[in-house]
Structures are given as structure tokens and as C-alpha cells.
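Below you'll find the structures, each written out as C-alpha cells.
Here come two complexes built around chain A, the first alongside chain B, the second alongside chain C.
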Partner chain A sequence: MLNRRSLLASGAALLAAPSIVKAQTVVGVTSEEIKIGSIMPYSGPASAYGAIGRLQQAFFKGVNEAGGISGRRINFLSLDDGYQPPKTVEQTRRLVEQDRVAFLFNTLGTPGNTAIQRYVNQRKVPHLFLATGADKWADPQNFPWTIGYQPSYRTEAQIFTKYMLENDRNAKLGILYQNDDFGKDYIAGVRDVLGARFDAVVKTVSYEVTDATIDSQVVQLHGSGVDCLLTAATPKFAAQTIRKVHDIGWRPKMHFLTDVSISVGSVMNPAGPEKGVGILTAAYLKEPTDPTWQADPGMQEWRAWMVKHMPDADQTDGNFVYSYGVSKCLMQVLTQCNGDFSRENVMKQATSLNNVAIPTLINGITVGTSASNFHPIRKMQLAKWDGKTWERFGGLIEGANV
Partner chain B sequence: MASQFSEAPPSLRSGVVRPGFRVDPRLLWAIGIALLLLPLFTAESYRLFQLTLAAIYAIAILGLNLVTGYNGQISLGHGAFYAVGAYVAAIMLDKLSLPWWSTLPAAAVICGIVGWGIGRPALRLGGLYLALTTFSLAVAVPQILKYKGIEDWTGGVQGVLVTKPDAPFGLPLDVDQFLYLVTVGIALGVFVLARNLMASRIGRAMMAIRDHALAAEAMGMDIANLKTATFAVSAMITGLAGALSAIAVEFVSPDSFQATLSITLFVGMVVGGVASIIGPIFGGLFVVFVPNLAEEISKSAPGVIYGCILIAFLFVLPGGVAGLLRRLPALLRRR
Partner chain C sequence: MNGFLHQVIAGIATGGIYASVALALVMIYQATHHVNFAQGEMATFSTYIALTLVNAGWPFWLAFLATVAISFCLGVMIERVLMRPVANASVLTHVGVFIGLVLVVSNLTGWVFDYTVKPFPTPFHDGPLLGGLISGHELGSTAVTLVVLGLVFLFFRYTRLGLAMRAAAYNPASARLVGVRVGWMLALGWGLAAAIGAIAGIMVAPVVFLEPNMMLGILLYAFAGALLGGIDNPGGAVIGGFAVGVIENLGGTYIVGTELKLTLALVIIIGVLLVRPAGLFGRVVLSRV
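So, the complex of A and B:
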């Protein structure tokens, strides 16, 4: 008899049926395809980074058109979390439990990745090449399934400190930092290089994101007798620092600036381009607007790809350069997998990259990982502000071994 | 009354009293509870997690609906209470290692006190001014959570990681099933309490204040106390939802409670049905599932799609889903 109860029961059975999946030996991989998951802020306050995800979708589509990888096409699922950690958790669970992806790739944002890191490690899902500059993704003991990609803030600080010591053994360094994860990574990096000498050499002053200005902090550092300065500040505060340092007549021997705040439009020009002359920063990506890369084969490869696959996209957006590079890096991992896309092997290959050249990284910077090295990019090149652009100079400097 | 309706054409007579259309409330309850329990056996754990989130949002939206829908005080800052509840739970679990169930009453009480403290001065503000004041609260809370002085407790920008509880007494449920059961159970309790409250003398007074404050005062109602108490109860319910969300998501951070959260709750309230007890259930389902739907339609502009769906909803269902349910019998009879 067809009554409400039997209707409900059959409805429930119907709903449950798709969840009974045929047993697979390798999660997310069939003979035809490999499923890869990613999470990007396509909406919300960080939606400018959505460009990274859009390039990746076009990238894997291109890979499939060219025949895929090891005879399989890539099914790339890139979901939106609006840069909200609860949504990141929801989308990650969807990718892992419902879509059953083989692994996660380039999930963006420090808070969101913090929220899912434990979950993906419990589930032993590879969590590859995170799009965040925090240093904590390199923790193979506690989180063997998570690995970062770009040089961390901490690595950058190590590079700054090494350069400073090479040029002046007796330099005294003042650090102006934002009081959060981002700022504290710089303190950690400087400490890595200086070790026991840290307290004798360094003077630190912090500010809160909520502060109106950092004038008093700059004056305080100037008064403490340091002769070099490291500014680990977000763009607005970095611009204020550059102006204030100049206006009180302080000419530090070396002024290092985090690569978070090197935008010409939002930092250097508002501060006054002439006031920042001589400031140093570090770079690892080829800057798409830098004329010296015009004839560079790597950037020509990237431009040709952009014209073919994303003809309408803005080629001055550095996010596309970044995204193309990290996608190429993943392709190297998949190639090394040699047809075995089990989670164990994907993680094994991701942590055995041997000096892989990526076309959009500054020539000479390569990607290298090992079972104990979860910092894929460890080298950067310094650049100096000449009043108009950032001029790269000198050789590549590698982060410290810690 | 009956004589008045007997003159009406037969098609307008109430369908509820027609033989065969009479619905026993106990049957409705049984169906409702069966529907709530059904996902436990049929849904995979990711779906259960989403439904748990929807139930949590439903509770939070119910809290907002009490103060805004029933009492007429527009709040665009309920995300702040949600955040406070979540942090209370996270701190109790992580820093004080207290059992998970103890965090729920604690979060409710603390949010109730905070709600009272905000509701009292807010008495002087009406309508749009109250809306803006509460919105400033929603904007301020994520930054306050990053404040250095309380960083040892809140974890600063890092946030706090917590762990979901296992099912006690060896119940054959996994963590997601257990949490779903707990959330739905609490939601059911809160909804019944809210329904009883609104059907009571105090509930009628709350609505009277919304509809005509002067008349209500002339009738001898203590407007100041009632409004403040409503704000406190509302904050309490939303804070309870926040605590549940911390346990379900297993993570709190300032970025989890951006100002948009308050707007999300407001949207859920309007879509579900303003001044309705059952409406927030649909509001909760809407805010969890519709953004995913929007994203599936377009990745390049999920916000636009979401906005279009929202406008379509408000256009087709001006009184929210609850309004449709209310009109449904009349619509069917008109056929």
C-alpha cells in the first residue's frame, strides 16, 4: 500500500543510494580521471585572490585538452569559502567526504588552512602547496600531510638578516612588526639567524592593526640607537613608516621591507616615492610589469599560455604569475607519481622534488623538498627601490637551516 | 464568528474543519521528529555536518527573530553574540578543559548578560539608529578578538582549535551523528520554549510594544524592562548557537565572525519569515545551502547569483517561507 510511511522510506532509500559508492582502492582516482580539490575565496573580502583559482581551472582544462596525465583527465574542483574558516571546513569536508578527491591543492588563506589542517591530517589527505605565507605549514612531525609552497615570512626574515650580517657584522637591527602571526614570523626568522645574539642586536617594537598611526613606534626605535630597520607591516602602516622614518631625518643603513607591502600603487607612491629610495625587499616571482623579463623564456611561456587560455585576463596581475607557477609545480608532482596516484605516493612525490625549475620563478630559484624539508622555495633575490621601481640586485640568498 | 462565515461561499470555508483534512497535532509532531531523525540513518557525514550547521543557524536566527521580528528592535549585530558564544565555548574547551556540555549553558548565560548590557543603553535608540549601533558591534567584535590583552585566551588571529565530543555511554554513533542529534535536540527545545514564550502574556506584550509602543505603555506594560529582557534572551539564544558552532566547526578565529555574519543571520530571518517561530528553520537551511548553489551556477560571480536568488525569493515569497506556509491553506482553497 502506498501510504506516507512507505513513501518516506522509499524516498530515503533513493536519497541514500548514491552514497553507496563502489569500493575503490585509490580514493579520487579511476582509470579515467583523478579528482583534485581546492578552496579559494571567490567571494568575500579576499576575492581578488580568486584570480589564482580561475587560472588553475583554465590550467587543468588545458592539461586535459593536451591528453591529461598518465592517461587520466584531471577533474579539478575549486570551491568558494569567502575567506570564512567555518565555510572552509564545510567545503573541505565536501571535497574529502562527498566528492572524494585524491588530495587538496593550493587552498588559500592562513585562517582557513588552520581550521582544516588537523582534519586533513587525521584523514591522511595530502594538503599540498598551500597559498599562504605563514611558516607553520612546515611541520612534518605533527602534520606530515600538509606542505606549503612560497617562501614563508620567516624565510624572508632569515634572508634579510643574512644579508645584513654579510654587509655589516656589527649592525643593530630594529624590527617594527604587526602584532599577529604575520609579524611574529619575522621575529622568528631573525632569531633563527642571530641565535643567542638576538637580544644584544635586536630591538623590537610592535603595533596593532587597530592603531591609527605608528609614529611613536618609529620614534621609539630611532631613539633606541639601532642603525638598521626591518618593517614587517601591512601596506597602510608600511607607507606610514617610510614617510615617518624619512621625515624625522632617520637614514637607516639598511631598511628592509616585507614583500607584503611592496606595491607601488598602495605603498610606495602614497609614502612618497622619493622618501623610500634605498629600501630593500626580497622577491621570488618574476614581476609581470618588470621590463627586464620581457625576453625571458619563462615569462614568454607564461604570456603565450595566457593569450591562449585566458585571453581576457589582466597580464599585469601577479596572482596569475604565482598561480601558473604553483600549477606547474603540481604537474611535476603528478608526473613523478608515474601513474600511482595513491595518497601515500602523492605525498611522497610532493616531498621529493629535486630542484624543479618553474618558469615564473626568478631564474636560479627552484623548488626542492624532502622528507624533512617542507619549505619548497627557500631562496629569494633582494631588490632595491630606486624611486620608480624595484631593481633586483646581487645573487640569490637562501634561508637559514633550522 | 461562525455565523459570519456561514454566509461566505463554500470555497472560503476553513479547510481545517473539513472532514478528512483534520490533522492531529500529535501526528504532526511524530512526522516532524521522524524527519529530523531521518538524516541520521540516510545522510553521509558531510551532509549531516551541513544539516548540523543549518540547525545551528536556525537557532541563531530564532534569537534574532525574537528581538527584531517580535519586538521590533532591528539588530544587525547578532553575529557579535554568536562570536561571543563561540569563543566562550572554545576557551572553556581548550584552555580550561571543561566538558563540552557545560559550555552551552555558560555561553548562553554570558551572552545573556552581554545582551542585557547592550540592550539597556540601546533603549534610547530606535529603529535605524539601533540597527547602526548593533552593526558597529558586529564590525568591532572581530577586531576586539584580536586584542593583545586577551590574546592568551582568544589565541589572537591564530584562533582556537577545539575537538568534537565523542558519543557518550558507548552509543553506536559517530561524532557527526552525535553532534547532529545534540544540535537538533537543543534546537527543538529552544524552538518549543520560544513558541511557548510568544504564546504567553509576555510574548503578547513584546508584540504589542512592536506594534504600538505608546498604547502598550498606556496598558501598563514596562517597556524598558521588556525590551531589555527581550534583547538579553535573544542574545542568549544566539550565543548558544555560537557555542554549538564552535564545537561543530572545531575552530574559532576572528575571521570566522566577520561583520557579514550578522547580515547573513538577518537574511536568514527575512527569508524564513519575520516574526515567525518556524521561519528560522528555513532561514537556517537557506543560508547554508543557497550560497553553495550559487557557487555551483557560477564561480566568477557567486555573489551576483546569490543576490538574484535572494531577490527572487523575496519577490515570490514576500512574507518569507513561513508567510507562504501561512497562506498555503487559503491559496489551496482558492483553486
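So, the complex of A and C:
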């Protein structure tokens, strides 16, 4: 019978419930399992990246079959956001509030992660090794629970600028950039290295994603007298740039291309492979089609893993190389946790990685983090387009210290 | 000075893209008195059909004609299936259908043909001309745009069918009374607009590369060009398209910088429309009530 007393009692029980759960144990961790959440674009325009999530599901399944970590199995929940930020927010709330995961791992995409960064930091949920190249994930003062993974666009721009100055102290650089966070990271990186000389050395020109072509911008840069070019553009516009630069007879001394747009299939070949000869980019992963890695132990480990756990997957897809590496990196964090999977300790261990070797990173590049360094990978090697493939050359170059 | 000339030529080349899409907008407006927001997405879908045929080994111009014919049929079908049931509904309903069509066609394109950027072949000489400022393709496609413009003009001006279509759009009730089959005129208008859109897509794709969102920005500029020149005047719309291309280049380079060049182009258009609401070459329609 419903009366005032029973109503009060059940109300009190409801109010007390959350605190019981909280007091019970560390969030997302029981004596048998640890719950990890992730968000991937399994559908929609960026669905090619879904490969990353598929490998991770197979990876943690493999970990569980081999006995799990510290006596616990990994319950890996990887949800689809279709690369739409509102969906990312919805799925994140589900993972954090309903599934109550211990932490988030490798959530993909700059717009989606931007949408959830404040929320997960307010909730103090570790937001580890995001799959995006934006530089803003390294902001321990304001967002101590978020940390990136791959070299940021800004680091890449620093490396390009260092290389340019090494080869020609008096070079003048033109930057063609997409007018958003992605493009502006490159300007910031060049500025990091040039400092006060920036305005004297650099000419920047922007384009909008709604522009039909970048012809006007290329003509403008060419006319401004710069002799080197940095193209921070998404694939379609990068292909247009490569073609236009070639067609107007401009031969920049050095033409740097963001590693977002180095796909042979969707940039170099559409632009005309011969038109891009000599273009430079930077790499940190071992490219699965590069024959020089054929006998490399790291890549052999990856291939053996692929054959065993994902026999039907396409081994020329670089997403699998990336995903395997970042998953190994997470395992290092979990091993360092040594059984204490509280959110504080997970974050502490993720930011105390000491030169961790990852089999799929170019030899010599390691993962290193500290309480003040939220840039796990800071070195890259340059590569040159020879008309057929990207050929690596020279030593490793490290980003600037800012 | 050299830079100025280069910007003008590059602007004309880009303007040619806007002009070809603007023509498709004029077509649908003449036939239905609506502007179809999904025009760009439909054109992109048609372009993928053309690419599929070319990749299957068809000669370019045969694939071109087949695509135009297929697009015409698709356009008629869309009108019959989607627009017909809401023919008497308010304008807002139509806008809703157009927006839905944008989403459906765009996602369908991505789902069927995937999202990677693809090169598209050109039937014209593909080398750079004038020191790379314009390519053989850009000249060829401008010629194609002018031919289409001529055909559209002749069609509306000198054929009975064209006259009937205009009548059906301007005054459906009277047109029906004099024996014009208004419903079929609308379907025909959709078909022709889709066909012209397909031509525009095929001409644009070699320049900007083919991907599902190819027309996203272009449609905006084309719309601006059509309004500038007068959306009921095919010639005016083409000139408007070229003008927008040149204005945005010169404005972006010399006046406001690249960040504001779209804004500048739109401000100029609003300015023109304030003075001449029907566009530079549009006819002012007076209706007696």
C-alpha cells in the first residue's frame, strides 16, 4: 500500500543508491573485469577509420584469451558515432553514466573529441590517446584528464620548419591552410620555430571548405615571392593544390604536405603522380606497403598478429598498423597500473611513460609522457614522393620545445 | 599587374563552374518557380553514374549522353514520386522535401560510391594553357556551358513546349485552362534540370575532383551567381556565375583577404539585389490583380 511512510522510505533508498555504488569499488573495475569505452565512426563519411576500432576489439579479445591483465578480463565497449559530434556526446554519456566505464580510449575525430572534452574532464574520466592530430589535447593545465597520442599537426609543422631552416636559412615560406583548427595548428607550429621572424619569412593564405577551388590562393602565394610551400589541406584541396602548383609552372624549393593528405589513392594519383614528385611529408608509423620493413621484427610481429586474429583484413591498410600500436601503448599503461585501475592511477601511469618502444613506430621513435608533457610522440622522419611511393630519408627530427 | 590578370583568369575559370550549375538552377526555377536545394547532390550522383560507365569501358561522350538521359529519367521520377503528392502543399513543405532530398541523395551517394576522392577523366586536351592559368578542360567546359545556355535559351524562347512550361510555372490555373498538362510540365522541368545538372557535374568533376560533397560549396556560389544575373534569365545567370568567380578572387586577393572573400561576394550580391531585386538581367514581372 502506497502511503507517505513507504514513499519516504523508497525515496531515501533511491537517494542513497548512487553513493552505495560509488563506495563499492573503483568505477568500471571489478575483481573480474575492467570496462574500457571507445567511440569510432563505424558508419558515415569517416567510416574507413572504423578499421581502427575493429582491430581493437580483436586485440582486447586476444588479451583476454591470453589471461587478461592483472587477473581481470577487459570488457571493451566500442560505440559508433557516425563522425557526428552530437552523437559523440550521446555515446560518451552512455559510456560514462550508464555503462560506467573506467576510462575512454582512442576516441576518434577532432570535432567529436572537442565536443566531449569538457564533459569528461568535469567528470574526471581519463580520456586517453585520442585518435586525432590536433594539438589542443596537450593542455594539462586546463584539461588534465585528456591526452593525445600521435604527433600533432603543430609538431609536424615544427619539424617541417626545422628542416627548411637547416637546408636554407633564407627560405621564404608560403602556407596554404584550411581556415579551422586543423589548418591553424600548422601556423602555430611554424611560428613556434620562427618566433619573431615569422612575419618576415611567412606568407599565409587560407581557404574555406566551401570553396570550389584553391586556384586563386595558389596564384596569390606564387605571386607573393615565397620559394617554399606548406600545404595544410584536406585530401581534395591538397590534390588540387599539387596540380595547380605544377600547372602554373611553380617549382617550390621545398613543398611540405600535411600527413593528413598523403594517401596515394585519394591525393597523389588524382593529382597526377608525376606532378607531385619531390613533395615532402613526415611519417612516424611504419607503412605496411613499404618493402624496407619486410624483415623488420616489429612489422613481423604485427603481421603475425594480423594473420592470427584478423585473417581476412587488408594488410595494406595503415589504419591497422596505427591501431595495433596505440593498443600496445594502452597495454603498457595497464601493466604499469599494477592492479590499481582507479581513474587517478590510470591517468598517472598514462602520463609517466618512459621511452616505451612500440613495434609499429619507425625505429627510434618512442612514446614518452610526463606530468607536463602530454605529447606522447614527438619525433618524425621526413619522406619524399618519388612518383610512385613515399621514400623515407634522413634522421629523426624532434618537434620544438615550446 | 601580372598577378591581377592571373586572378581574373583564374576567376573566370572558377566562374565557369558556378555558371554551369547556375543554369540548372535557372532551369528548375523556370519550370517550377522553386529552387531545388538538392540540385547539387543530384548532379554529384549523376557524375558518379558517368564515372561508373567510363570505368566500365564506355567511350566518354557515349557515357556522357547516357548519364544525361538517365539523370533526366531520375529527375522526372523524383517529381512524380516525391513532389507530386505535395504539389498543393505550402512552400515550406516543399522546402522540407528539398532538404530531405539533400540528405538522402548525399548519403546514398556516399553509401553506394564511398567517400574517397576520385579523379574524373576529361574529354578535352588536359594540358595547362596560358602558363597554367587555365586548362584545356576549363576552356572546353566553358564552351559546353555556353552551348547548354544556347539550347536552354532557344528551348524557352522558340519552342511550344518551352512556352507551355513557362506558362505552367507562372500561372498553373490559366495554363491548365488552355490545355497545358501542368503536372507533366513540372515533371519535364525536373527532368531537364537534372539533365543540365548532370552536364554541370561532369564538367566540374575533372577540376575539383569527385567526392560526395563535391557540389556543397559550388551550389552556394552558383545560387549567388544566378540571383545576381537574374534567376529567370539563363544568359544573366551565366554572366552572374562568371562575375561571382572574378569578384571573389579579386576581393580575396586585394580587398578583404581570403577569409572574407565569400562574404564579400555575398555582400555585393545583396547590394545589387537591393537596387535591382530581379537581378542585373532579370525581368521585372508585373502582375495585374
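Convention: the second predicted complex is superposed on the first by the 379 of 402 C-alpha atoms of A that agree within 3 Å, B and C clash if a C-alpha of one lies under 4 Å from a C-alpha of the other, contacts with A are read in each partner's own complex, and residues count from 1 in each chain.
Following the convention adopted for this analysis, contacts are C-beta pairs under 8 Å (C-beta built on N, C-alpha and C of every residue); 3 or more make two chains touch, one makes a residue touch a chain.
This structure is a prediction, so every number in the text was calculated from the model and none was measured.
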| item | value |
| --- | --- |
| Clash or fit, chain B versus chain C on superposed chain A | clash |
| Which superposed partner A:398 touches (first chain B, second chain C, both, neither) | neither |
| Touching partner for A:220 - first (chain B), second (chain C), both, neither | second |
| Touching partner for A:236 - first (chain B), second (chain C), both, neither | second |
| Touching partner for A:85 - first (chain B), second (chain C), both, neither | first |
| Contacts of A:114 with chain B and chain C, given as first, second, both or neither | first |
| Partner chain in contact with A:269 - chain B first, chain C second, else both or neither | second |
| Chain B versus chain C as contact partner of A:249, first or second or both or neither | second |
| Which of chain B and chain C A:296 touches, first, second, both or neither | neither |
| Partner chain in contact with A:93 - chain B first, chain C second, else both or neither | first |
| Stretch of chain B, among 19-27, 73-81 or 91-99, that runs into chain C once the two complexes are superposed | 73-81 |
| Contacts on chain A seen with chain B and repeated with chain C across the two complexes | 44-45, 179, 208-210 |
| Complex contacts: residues of chain B adjacent to chain A | 31, 34, 38, 41-47, 49-50, 53, 143, 146-148, 156-159, 161, 245, 249-251, 253, 255-256, 258, 260-261, 288, 291, 295, 299-300, 302-303, 306 |
| Interfacial residue positions of chain A with respect to chain C in the complex | 44-48, 179, 205-213, 215-217, 219-220, 223, 235-236, 239-240, 244, 246-249, 263, 265-267, 269-270 |
| Chain A partner contacts - residues on chain C that touch it in the complex | 2-3, 6-7, 10-11, 13-14, 17-18, 110, 115-119, 128, 131-133, 135, 204, 207-209, 211-212, 216-218, 220-221, 248-249, 252-253, 258-259, 261-262 |
| Residue ranges of chain A touching chain B (in the complex, touch as defined) | 4, 8, 12-13, 15-16, 19, 42-45, 50, 53-54, 57, 78-80, 82-87, 89-90, 93-94, 96-98, 110-112, 114-115, 118-119, 179-181, 208-210 |
